[in-house]
Amino acid sequence: MKSRSALAALSVMVTTTLAVAGCSGQVKTTQNDPAGSTGPVNSAGTDKMIDTLTLPAEVPDNVAGIENYNPWAPNVTSKNYFYEPLMIRSSVNCEVVPWLATDYKWDSASQIHFTIRDGVKWSDGQPLTADDVAFTLNLRKQYAALDDIGLWNDTFGAHADQVTAEGNTVTIKFSGNAAAKFDSLITTKIIPKHVWEKVGDPTKYVEKKPVGSGPFQVKSYNGRKLVLERRADYWQADRVKVKNLVLEGNYDATNAALKLTAGQLDAYWGEIPNPKVSFQDKNPSLNHFWYAPAGSTVLTPNTQKAPFNDAAFREAYSQGMDKDQMSAKATYSVMKPASQTGLKLPYAENLMPDALKNQDTVLKYDPAKANQMFDDAGYKVGNDGFRTTKDGKPLTIQFSVQAGWIDYQAAADVIVRDLKAMKLNAKVVASPPDAVDLKKKQGDFDMMLEYLNGACEVARNLGSKLASDQIPTKTTVMSNVERWKDPKTDGIVKQLSGATDPAEQKKLVGELVDVMMTQYPVTPLFYAPARMIYRTDHAVGWPSEQDPYATNSDMLLIMTHLKSAK
Amino acid sequence: MRYFLRRLGYFFLTLWAAVTLNFLIPRLQPGDPAEIMVKKLAGKDAELDPAKVAAMRAMLGAPDGNLFQQYLAYLKQLLSGNLGVSYTYFPSPATEVIGKALPWTLILVGVTLVLSFLIGTVLGAFAAWRRNSTFDSVATLGSTFLGSLQSFWVALLLLFVFGYMLGWFPTAGGYDESTPGANWAFVQEAVMHSVLPAAVLMILGPIGWIMQMRGTMIMNLGEDYIRLARAKGVPDGQIAIRYAARNALLPSITGLAMAVGGILGGQILIEQTFDYPGLGRLMGQAATAKDYPLLQALLLLTITATLVANLIADLTYGILDPRARKAGA
Amino acid sequence: MTNPTQPTADATSTLHEQAGEADLDAVANPSSGRRARGGSNGPSWFQIIWASKKARVGIVLLGLYVLVALLAPVISPHDAADTTFNPVELPSGAHWMGTTTQGADIFSQLIYGTRTSLIVGLFGGLFATALALLIGLISGYLEGTWIDDILSFVTNVALVVPVLPLIITLMAYSEVRSIWFTIFIIGIISWAGPARAKRAQIITLRNRDWVTAAKFAGDGTGTIVFREILPQMTSLVAAGFFGAANGAIGAEAGLSFLGLGNTESVSWGTMLYQAQLQGALAQGLWIWLIVPGLALAGLIFSLTLVNFGIDLISNPHLREDG
């Protein structure tokens, strides 16, 4: 328990630094150490080991026998358990958990220091140093293909000018305000310099024997089944209770549900329709799932096109959306109807403007009110029973939806039914997903469903959804699919992405929320999930609604939380 | 000789046209491989991170020049025998990826094809010989009904019943614990994993061969030379096998040659259902991921095989039946 | 790329080609050929078909399907598109086969799905047959000319064009997802094989005496093709149509199963697709997955049986009475 108190002390330190520096985004400090005791832990068995845990393969597509642990390879066999990030910020509670970096400090919004943890060893026995971190970051400058966090270009914040290591500190100097880069910067997976400086072009390098700092190393791989074994010399080995980790198979919904039920799989985070019936009800004491909100599914109109360029029109149909019905059909009522603020509630409660506190910001389903608003706004019902444009021309709405995305298709059916109830002549057109992306790029659509990211950095999520420089181009899909063009909003987003003072951030977020609540650029419908479906016969301590410490993208955090169920 | 040269020229012309279409059709579709790849890693409806897309574009290498220049480069690459590097399995060459999947499909589809052919031909011949008997009715009607089933539907049911409910067979992949190679443990596992997909192919496969053989055989049995043989007192069994069946085999064998050409296409839906590591599943992946190099290499393989099979069928037909040399030109 | 519904398409096309080849031989044998196209001096075509037990079963079965399709609004207890019921209900008096995960009545979807499949079969079959016939006829009759060269070339290339990418491309640029669009796609992807068979049939027919006679009599190409040759091929065309209809029904199911089908009306293919994606088996909704598959099989079976009967017209050898 000695190391635990050490870590606790460490997190206090982080808290203090943050309070002083108080930078970037809505950084909340971590309340507990990386592997704080949480969840329904069986107190008698905390020191017992879990012999084997079986999870789905990390590799997205598998062809027998292709093996590559290069973390940048699109089809990497596995990387999560070898290469670790600087820090982990769980997207649910937005707490920053120190990892390879024990601490960070912004000098200004254009310079940041990371303190690198002492005593971390690579799996080949060599120590991990600040040099390795600087090497990893500088490698991205030389090879643009490796820069998946946009460190050296101007994506969300100014580009880096220089990365240097001194002692146990890594300093990054940016060309300007780079506060918005923090969230992605800390996710950088650190690689060992002594291995990677000799491999030539790292984009084309095939890594067969990964040297990492993570909790596991490769035990065996037969082209299908990857077995990882626990590293006894891992820097927080006392928190890792899983002896063997088996990563195997890419399953579809049915297969995954059946494998989980049969106990051949311990956890899964892909889509399983109706997880309650397909999985949980079959053994409620062992089978669990938690679908954390990761963002919102939003109704996106083409705001450059009449009548969707009329705020009164957007407000009217927003009142007539039966969100409970959509949640029922698209998510089996697992995901709750979403707040019109665009914030992920209740997790982002602290960002809510005071005026809206204690107010239900989820729009009520009220078709009568919606119809009244349409009438008032001048969209009269024509002879065919459908509403016309203001100047009396027929109005038809094509709702574009991705063929094969069953949740979207189910929601689209409800939306079109709701639109018809508001006497709007709408119909669904399902196209292959890439064709829908083409419509986003060309702005060639009336309405569609879209995703609003709910991660911690509001400037990057709600902000980029509303910023005019994030409108998709002919070649690239970007966030502002609804093509919201408003100089005032742009100004708010710009200030927000450079804001360092929490009070100022909250004020600016409040202004964005106001745009959402009065202009209805998009209409949030229901929260979109980050899924975690798991069994508790081998391991306990999975994230849950009671203990929302991580989502499926933070597997390292989860691995340090799991305890034996026996 | 002119006939054969003409066929050969035609073969290459068709091949060129097919290769061109294979290049063109996937590129006419919307969708950017880098965006698709990032989306696949992030989750289907997640937001695209522009930094990730830019990095992925740099990694996969944006194609140079306009579509026509890309086409010329592609042809040049083809002629030098280079099929490019797969996007999905970057940096593995497309040929290496295909090489891993090829044996699985070759064995699964090849074995079931030959078995279907043998079973179907024998049943068909026997059904024709014992025409209108109970056997005939059962064989024709039974196989017709089985042939009416949808492959993906049969696959789902077999997977659920024999894979999950009864647990007799593994439910995914081509093997579990063993290391691929020439060892007994692997062969055992591979066979067990192939039983269910093979069963689907065997349920649906024989019908065509049964009907083909039965039809031709019945016709042959009505021919004068059979009547003559009967009149001369040749034993029944000999008439059935040495005269009627032997002659009736010819169209079936031509059909087999054509079907062999189709093997390499794999069986997309069946392989996907059983997560079988063959070419069909790979093709499905490559098509959805817009993995142009891999998709092109796979299509090239299938098309060449089909065309070669057609060519062989044509040429042998030309040798066997000189009349066709003109008709088939 | 292979056809997504390959096994079925293979089975039917093999059947169909087999029928075609049998026909060719029959036609090559003048006496049987004459008998086939006569009618006044032999049994009528319907008598021939009806005489076959198999075909009889097929006709009755097909009739049942047609009846269900026609009477769908009467038979079906609910509207197939109505998704306002409680989802995932097990079979009961109110919902004989239960409800889907979206809250639609499975039995009603099954009944209305009959319409879609029959329409696809009829029009998909007609479209593909017409395309195949047109190209096959011209190409075959003008055999050896440059027109034939071009048409044959196009046909052969079409035979090896990757089907799945082609469909995705067509879908990407079309705003319609109606049943007619599905039929159009099916026609586009399935004409080539039959066209090649038709061409071969024409070539054998075109050298028959009566065609030569018509030529000497000074008849034009059109007259010869449509007055002299086409009538000889009626039963071949009919058999081709039923084969193509079967192919179309299977292709519709396959397309829908891949999520590329029509989204405006319920079909058995879309039912299977939904059932699979929603994990029907994992949720215990067996019926949802099994029933549409059986319905499809029954319809395809009946059409194949009818086709047995049609083969008998052109190929007397196959008749059950002798």
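For reference, chains read A, B and C in written order, and residue numbers begin at 1 within each chain.
By our rule, a contact is a pair of C-beta atoms (placed from the backbone, for glycine too) under 8 Å apart; a residue touches a chain by one contact, two chains touch by 3 or more.
All of these numbers come straight from a predicted model, not from anything done at the bench.
Trainee: From the centre of chain B, which chain's CA centre is farthest?
Mentor: A
Trainee: Pick the pair with more C-beta contacts: B-C or A-C?
Mentor: Between A-C and B-C, contacts are more numerous in B-C.
Trainee: Average the C-alpha coordinates of each chain, average all protein C-alpha coordinates together, and give the chain whose average is closest to the overall one.
Mentor: B
Trainee: Need the CA-centroid distance for the pair chain A / chain B, whole Å please.
Mentor: 41
Trainee: Rounded to the nearest whole Å, what is the centre-to-centre distance of chain B and chain C, using the mean of the C-alpha atoms as each centre?
Mentor: Spacing between the chain centres: roughly 22 Å.
Trainee: From the C-alpha centre of chain A to that of chain C, how far is it in Å?
Mentor: Here chain A and chain C have centroids separated by 48 Å.
Trainee: Could you list which residues of chain A touch at least two other chains?
Mentor: Only 258, 432, 434-435, 438 qualify.
Trainee: Using the touch definition from the top, which residues of chain C touch two or more other chains?
Mentor: 168, 172, 258, 276, 281
Trainee: Among the residues of chain B, which are close enough to touch at least two other chains?
Mentor: 29-30, 160, 164
Trainee: Could you pull out which chain B residues touch chain C in their complex?
Mentor: 10, 13-14, 17-18, 21-22, 25-26, 28-30, 132, 140-141, 144-145, 147-153, 156-157, 160, 164, 200-201, 204-205, 207-209, 211-212, 215-216, 218-219, 222, 251, 255, 259, 262, 265-269, 280, 283-284, 287, 295, 299, 302-303, 306-307, 310, 327-329
Trainee: Mind listing the chain B positions that touch chain A in their complex?
Mentor: Touching chain A: residues 29-32, 35-37, 40-41, 44-56, 58-60, 87-92, 96-97, 100-101, 104, 160, 164, 171-180, 275, 277, 282, 285, 289-290 of chain B.
Trainee: Give every residue of chain A touching chain B within the complex, in rising order.
Mentor: That would be residues 60-66, 68, 72-75, 143-150, 153, 155-156, 184, 203-206, 222-225, 249-251, 255, 258-259, 262, 294-295, 297, 405, 408, 432-435, 437-438, 451, 453, 461, 475-479, 528 of chain A.
Trainee: Which of the residues in chain A come into contact with chain C in the complex?
Mentor: The contact residues of chain A facing chain C are 253-254, 257-258, 261, 272-274, 277-279, 328-329, 332, 398, 403-404, 406, 409-410, 413, 428-432, 434-435, 438.
Trainee: Touching residues of chain C toward chain A in the complex: what are they?
Mentor: The contact residues of chain C facing chain A are 83, 87-88, 101-103, 168, 171-173, 175-177, 258-260, 263, 274, 276-284.
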